[in-house]
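What follows is a single structure, and I will ask about it in a moment.
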């Protein structure tokens, strides 16, 4: 179970309203590469990791991401809480106002509702950790885009920190991926694929690529 | 931010595998009236509650629901962890196995991925609390259906407890709804609807229903 | 079956084009709390109401909501029928024009297509009526937002009337909810939950909230 | 606006429960080619038909399809209303029961919720009527599949009648398509495509198909 | 299998950036009536066409549409590749930039992700070909809207050509539809509908339309 | 543009019908980790790769995956083409038959329609290639599950070959990822993140994990 600690993981104190920026940040709340998807991905995948180390890593990072969701909610809320109706219209948040007033809702930057179709669980530790490494890289890229889109140091600060956390998480997932790859410790498998044989086929195929490959 | 406590909110110790039951329980994980939707609904809505009491209630119950998600994940995992491939086929979980092996994934009982389209935030405290009361009633109803579908006391126990929590949450949301209704403390509103006038129109309309109303 | 009556339930005569307003109104056509969802929700749920009174109420209000859908279609159409291409561009309806020209399409204000994931049926009269009460509250809140967004009395008139209808419907659903609650007339149930025992557990739980509850 | 007439457009009296059949019929309720989609498609498109004749045809058939939705709801309800829990399990409707008890919900036969992404409006009368003709053909095909799947004359009767209506509607849409094609009465268009020129290009292209065309 | 030919089916050389136009064109990439949907529709349906002629036609046009997807990708890319961040903001592509930088993604013009719910396969040749004819008409209509929205001959050229191809494809699908209609060559059917009887019912129904038909 | 070659990339000759297997294979056609998603992901991402090598690799593999889609279509078609209605019922493909007869449709194994929400493009080469590596690992895992679910060598053969291709593609994407990582050749970026500084923060954070990390 989870308990709530009444503080943010990293402080957020945005003094200047910026409605366009609020609109962009939503994508890291409920968009395809956002923090909500990350949290649910890891907390969901942890159940089938092959050992305690794996379960703990997924659980820890998943729990941390729940705190990132809260940071983003706070940023979005602070960026738009003092806006007038005219300012909302100006920024194109009038469509948001029509449906949600100033309430938050987890969507991407275009207003498409969050869906778990954004992530996968395969029950295969190597595949799941690859997915997790990709998730961290994609979130890093989006944070870089978001930083491009603002000049306000109160916004850039938390975004830089969040981006940094993605890099740390990537490193930790990669570490575990490599450990499992060595042990070839695949969970729940009753398959007997012969790696030797594979190598041979691999080589052959690699040497005879389809004829339309042009480099 | 959230911290993880390494225990379930209510103990889950299922000794007998039951794959059909695993399939049903998924709907309270990632289905339209499930715990994941509930947790996200409340943690999302809390930002625009009009006072500390409202924010605290939404935050508390939202945090608790995250723990319910974990209970359901544990139940589903225990119900299917020892299954053979033939048993999965027998129970219709072979389609799940094809994609996820024994990994969990938040869907409804038919495999439709979770989406936040299942819930709403309006930024209006009365509307949001109505939605929350409805959510608890619907979850209660689904738990009753799930209890109908099993005879295993190890499964019924946690389900009865979860159902009970929905009733408690319903009572607490109702309590707050009534407090706000009295104060008519609507957040973020610059509207000046005249309640008097409304009452009059209300009465008129109520007395002249459209002609196809048949009772 | 339904027959069409060649008049609107409430007159709509909008003389001034307003393309932004057209864009917002779409959300009460095909958005999460809109009239289309309301109509389908009630006409769908009526089948499992426990008595004639319930079936009639759901059927009547569902049928009325079909007429509200038509009112919104008419309003949207009148607001944009005379627009030039440049005006559509100015208002951000050029993306709509690309796909639909001036045709209508049931989406939310951001263009997300309507889905029945927006509503639920549980086969449990109390849960269904809670959902219906919430639906009316949410629709009321959205109509208030929409009224905020315009100054045109030709638009405000029908919106005030529609908002009023939501309040009437809410009252009628609440009335029926309370009748069923007293009778505890749950349809299709073979469960024997003991209310006494429940009350005791309820009290206990209510007295020992999880430690992170902070009020 | 619409008024409800307390009778079905065609009588439905199913005496034998058949849960698999209930499961299939759902697809003509809320599936991609079902009656709900048809009703909404036509009632939505009618707004931009170029003349009264077009508006009337779309409105009439759309209204009729609302009655077909009700027929399907009635059929599904009658087919499963007396089922025991064991029978629901046997038929694979236990996943439905978990979420909805015996309540109806507009999905396809696999339980995927209805979405208006199933249909289109283009604001172009010829394109819309082509879509409508296709809709009727597809619904006809699905009714033929459904008739294949049952031997119960009480089920086949209404299905044959519904299939027949699709053929009638197809004929009427085709009739109107041809009238508009002759007049080339395209609504809301400020384009000046030169048909002559087109014919020439058409011919050229038709004579020089891409080299991978193999007949 | 497919091989790639390193040239576009029709040349695309756009010299002037136009970000709004890029935003509109996306709908013919990943929108409901776009080229991606067309390609997948035909390549998917080809498997159940009743003869070689049908399979070949669907396969040829499906393959060609894959090339149209590439043309649209190229157009969109050329229209926005030199844009500055300020220009992206001006054009409302900042929400796209937040998530995708200048990467492409198959959505409609509002950013709603492509889904195969946009098309259907019925396994019935006549129904499938009706759907295909409708698809071509709808794509034609959208191309006409897109041509309306620009004055740049470098953009209009390829759009006119693509529109022309839709007309050609429509003609070819219609040709095949009529051939199959004559032979009544329905694939995979074990039904024995009596056309005679149908005609009679058809006539009767056609003569007694429901009473609310108003022309 | 693409041209079609009238042969499969790897021969498929399934002699024994197996309807359950057809149902599973669909997930590699239109499911979250399937070949259709893979093809579209790569062909979509290629546009923003930073150099010819990147564009060529993505284009080649994307084109190859289109051929894998065709292989899966062929396998599914062969597995179910001779089935009787009773056999379809037995295998739970009756719900498919109701809607599609024996036509194919790109869904996951539960019938959920394919959506491009399954993949991402970020315009950042490292993030996109991470996503691609993950995609190949996930597809490999699903092929292993599918091989578990059958004993028919005619089915296992193509599946082993397809699984092998995923491993080859993974290796090639990894190779390119490492080249780009060295060059830090990020496309379209005007950011100036200081790697040095990052390393320092990275280390600090890595040394002070949140207190609920439990290993």
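For clarity, chains are labelled A, B, C, D, E and F in written order, and residue numbers in each chain start from 1.
Convention: contacts are C-beta pairs under 8 Å (C-beta built on N, C-alpha and C of every residue); 3 or more make two chains touch, one makes a residue touch a chain.
The model shown is predicted, which means the values in this text are computed figures rather than measured ones.
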| item | value |
| --- | --- |
| Number of hops, chain C to chain F, where each hop joins two touching chains | 2 |
| From chain E, the most remote chain by mean C-alpha position | B |
| Equivalent interface positions on chain C and chain D, same or different at half | same |
| Chain A and chain B, separation of their C-alpha mean positions in angstrom | 24 |
| Inter-centroid spacing, chain E versus chain A (mean Cα positions, whole Å) | 33 |
| Chain D-chain E separation of Cα centroids, rounded to whole Å | 20 |
| Shared-contact residues (touching 2 or more other chains) in chain C | 1, 3-5, 9, 32-33, 59-60, 63-64, 85, 92, 99, 101, 107, 110-113, 115, 117, 120, 122-124, 141-142, 148, 189-190, 210, 212, 214 |
| Pairs of chains in contact (touch as defined earlier), listed by label | A-B, A-C, A-E, A-F, B-C, B-D, B-F, C-D, C-E, D-E, D-F, E-F |
| List of chain D residues in touch with chain C within their complex | 1-5, 7-9, 30, 36, 40, 43-45, 47-48, 59-60, 63-64, 66-67, 69-70, 73-74, 77, 85, 99-107, 113-117, 120-124, 128, 187-190 |
| Interface residues, chain E side, partner chain D - complex | 9, 32-33, 52-53, 56-57, 59-60, 63-64, 115, 117-118, 120, 122-124, 126-127, 130-131, 133-134, 137-138, 140-142, 144, 147-148, 164-165, 167-168, 171, 189-191, 193, 198, 201-202, 205-206, 209-210, 212-215 |
| Residue numbers on chain C that touch chain E, as the complex places them | 1, 3-6, 85, 89, 92, 94-99, 101, 107, 110-113 |
| Residues of chain B defined as touching chain D within the complex | 20, 23-24, 27, 31-33, 92, 108-112, 141-142, 145-146, 148-149, 210-212, 214 |
